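What follows is a set of notes on a single structure, which appears directly below.
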């Protein structure tokens, strides 16, 4: 559907890329829309929108146990998307890819199912930079089962304090739940190293890949993580669909969580037996169009020259930081060695919300607030930041327009 | 978007209706597609497909806490859909409409959250005709908390045995979970009466409206039920979205279930407080396009002359039953007094799967199997049935084509 | 800082009509937002002692507080937020509500007022500024 | 009914080439499915004693059983299903696999075979007939 765009210069490249994203072709408050909120949700390219359309216009039917050809076709597309995801993250088998409604549900699934195997005094290790989705489910679990939550602190530049990790990991640590990339600071965490250290004490590792999958290659076997979760809507795919990857022996050992149709083998009032992976964790009619749209998003992503996209995002990141640093009122938050597509900053003497509102008046969409990371804000002593975040469609022009509008806003206030 | 089609004769009506459903305009195995599997999932009309398109092409952004106009627009549409659902089922307030990924998740939410308030020896009352989605979550709960499950048997014609109900309801009954309409027999259950009886012993009632909402008006206040659940994809809406309605005092009293972003007020490692209804039960980025598509489906449904549609479905039901009864090999399963858009039958000496496969060869899509109702199959002494089910787009021609193909199949075997 | 609640000029000296007049002369976001921020600066400071959870209005990305006092028939509202723009918007709201009776407050068409000001979007429940929540709270208190 | 496993004609007397020849002459669903059902009728009955959970193949909407026996180098499979069409499809599968060595079974291109028969869809994992599961199970047993 989508060819690799090569042999064009950068601007033509950008134009060809942006042309595929209908949302970007609009004005906001009378200015051309500059969308710098991709960490909240990415925009969707034509092939993804089209895949959803085609599904509803040609193939819509309930999946599995198909007696009729429409259902067989829907099932085939649905299960093909599972293959695409498995390849995308290099999962050893397709049965290890479980559909959820998003990263949040995937973490809840692990916390409530795998978590039910934990006991009084067992420890869970989180970090200060986690998104609420990777904190609250563990807090709830800890309350229910009398577990202990420990927290990896950050260094001054906004990275995991790896020196603290070896002390925090104990023989009681059962789960380490950690984000691959911070949604506030952009910090990329040393997952492979953390996994190795955690496995040494017998702890399992869940990686929150929400902010990673769209921006860097993810290889769950190379990371050797036990669980990996992400949302479709942050990687150019539809809303309402996400993925839980898990190691087979863990997924098999875990009790079922939500139950209902599709995930059973035999139901009777005297007792019920359950289906095998992946269906064991997929009760009810799934988000079929969401799954198929996510498949299209992965085809879109893999059709791109991902190294080039990554490089472009890195160049923009460096450029935006350099431009921001020239403004004396601005303080960048965090300066991790490896940073991915996200920049947080604050403006001296101004509330983030005022800045965001005035930028919006100039067509610039960025996010202001705690970014669902209140414990991180507390640790930083901030009540919020302004955050700009990039996607494959972000250009130098976007950054320039943002800087111009920001300068204007600062003069204005 | 859609005008009431009046002053046309029935055939023109039908043609105008069918023209709105792109899936129906195709051939299956060389024959015009005859889709008689609407109880599994309904087809989607243009306005629903278009609403999803418009969202992704013009409005896509993460909802709530909007600093920028794209997000404000997405939020406005998203929350407007909640108003539409509240009106559609006559909920007293919009905050009582909670988005889930489907009926299955809605039942799991109640079973796991409200269910956690139940204690040893408390009783749950189900019926023999329940879908697995309204059985297995309660079985799991009963196992975890040592509860007792009781089951309302059916009468010979496939209705709830209301005489048995008064005996089965005891002062230990805490929840009655019952389907509004059977997905196998089409039986319409006397919910208002059941609710009254259940409330007399202090039990709460959850109604599984999956097979009702597309076919009959639902008024949760008139039913006085405590919870009502349904899926969008069975009422002309998208996949991956469903609704839990609940009484405010119950929803407020229930502990949170899944947790994460959006559903919190304040998060810190020393403790977390939660948001108010409906957000308390909606962690993470929601299925925004699903919600907006469901809103469009409700606008579509309410734009129709629903009485006329209901009557047409009833006429087709009677016609199809009458045609089937003329075939000596056919036995209809169940003959409830009030029946909705669904017919089950078996063929003497033939396996349902063979019949369905051969009908599929002739372009006819019906379902064969246990329909996620194994306990009902056991009670009926069957290993499966053939099921045809209708939607607003089903015509007499569909039924005729089905009967012709069925006769041909019977001759063939 | 004093611990006394100080009545605002808004609604007492500056009416909603005054605000409408002010905005009729502004065009473009810059002029409008300059005006908003100026109005916000004229809000009487809310003593810290009132900035407690009881007075905090939920549903705002930034913090906002609302204190209400009824004397005889009419209401006075005291507000604060930690952002300039929300302060300005609160001033505009108070211009319509302060010194009014419950009936007048219920009757007043605030949507229409904000529409005339060209600020419809700021009042929308889909905005995170919390203005909608403050207005809803005022209406609830004066019901 | 005997308790003995009886070798099938399929794969032993009727080869996959024979089946291909048979289907080459049929066109239209009626002829093809008539042929399938006829083939199914020629399956040797599987004694009830073998119809136990251990032999049941998961993933079928209808029940299907598979028993495998290896003698010297070659395999014999014994199957049953409660539907006519699946029985026929199983007969077609056995025509390719019975009497073959593990290597031959692994090598045989069953997708291509079903494609030539015009039955690609019946072998698809998205079909509920369980044929795909039976073939997968045979491949697993002979690995």
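As written, the chains take the letters A, B, C and D, and residue 1 is the first residue of each chain.
Criterion: a contact is a pair of C-beta atoms (placed from the backbone, for glycine too) under 8 Å apart; a residue touches a chain by one contact, two chains touch by 3 or more.
Please read these numbers as outputs of a predicted model, since none were measured by experiment.
K.L.:
Among the chains, which has its CA centre at the largest distance from chain A's?
P.N.:
Farthest from chain A by mean C-alpha position: D.
K.L.:
Compute the distance, rounded to whole Å, between the mean C-alpha positions of chain A and chain C.
P.N.:
Chain centroid spacing, chain A to chain C, equals 38 Å.
K.L.:
So what's the Cα centroid distance for chain A and chain B, whole Å?
P.N.:
Whole-Å distance between the two chain centres: 31.
K.L.:
Quick check: how many Å separate the C-alpha centres of chain B and chain C?
P.N.:
Chain centroid spacing, chain B to chain C, equals 45 Å.
K.L.:
Give the residues of chain C that touch two or more other chains, as numbers and ranges in rising order.
P.N.:
Only 61, 128 qualify.
K.L.:
Mark out which residues of chain B touch at least two other chains, giving numbers and ranges.
P.N.:
Each of 29, 65, 67, 69, 71, 353, 357, 368-369 in chain B touches at least two other chains.
K.L.:
So with touch defined the way it is at the top, what topology do the chains form here? Options are line, ring, star, complete, other.
P.N.:
other
K.L.:
For this structure, give each pair of chains that are touching.
P.N.:
Those chain pairs satisfying the definition are A-B, A-C, A-D, B-C, B-D.
K.L.:
Looking at the complex, which residues from chain A come into contact with chain B?
P.N.:
These residues of chain A touch chain B: 22-23, 26, 28-29, 33, 35, 37, 40-41, 43-44, 48-49, 52-53, 56-62, 65, 67-71, 101-105, 107-108, 131-133, 135-137, 139-140, 149, 151, 231, 233, 238-241, 256, 258-264, 266-269, 272, 283-290, 353, 356-357, 359-360, 364-369, 372, 374-375, 378.
K.L.:
Would you pull the chain B residues touching chain C in the complex into a rising list?
P.N.:
So the residues of chain B in touch with chain C come to 63-67, 69, 71-73, 75-76, 79, 265, 276.
K.L.:
For chain C, which residues count as touching chain B in their complex?
P.N.:
58, 61, 121, 124-128
K.L.:
Could you list, by residue number, the parts of chain D that touch chain B in their complex?
P.N.:
Listed in rising order, the residues are 29-30, 33-34, 37, 61-63, 82-86, 128-129.
K.L.:
Once bound in the complex, which stretches of chain A touch chain C?
P.N.:
It comes out as residues 29, 350-351, 353-354, 357-358, 361-362, 368-369, 383-384, 412-413.
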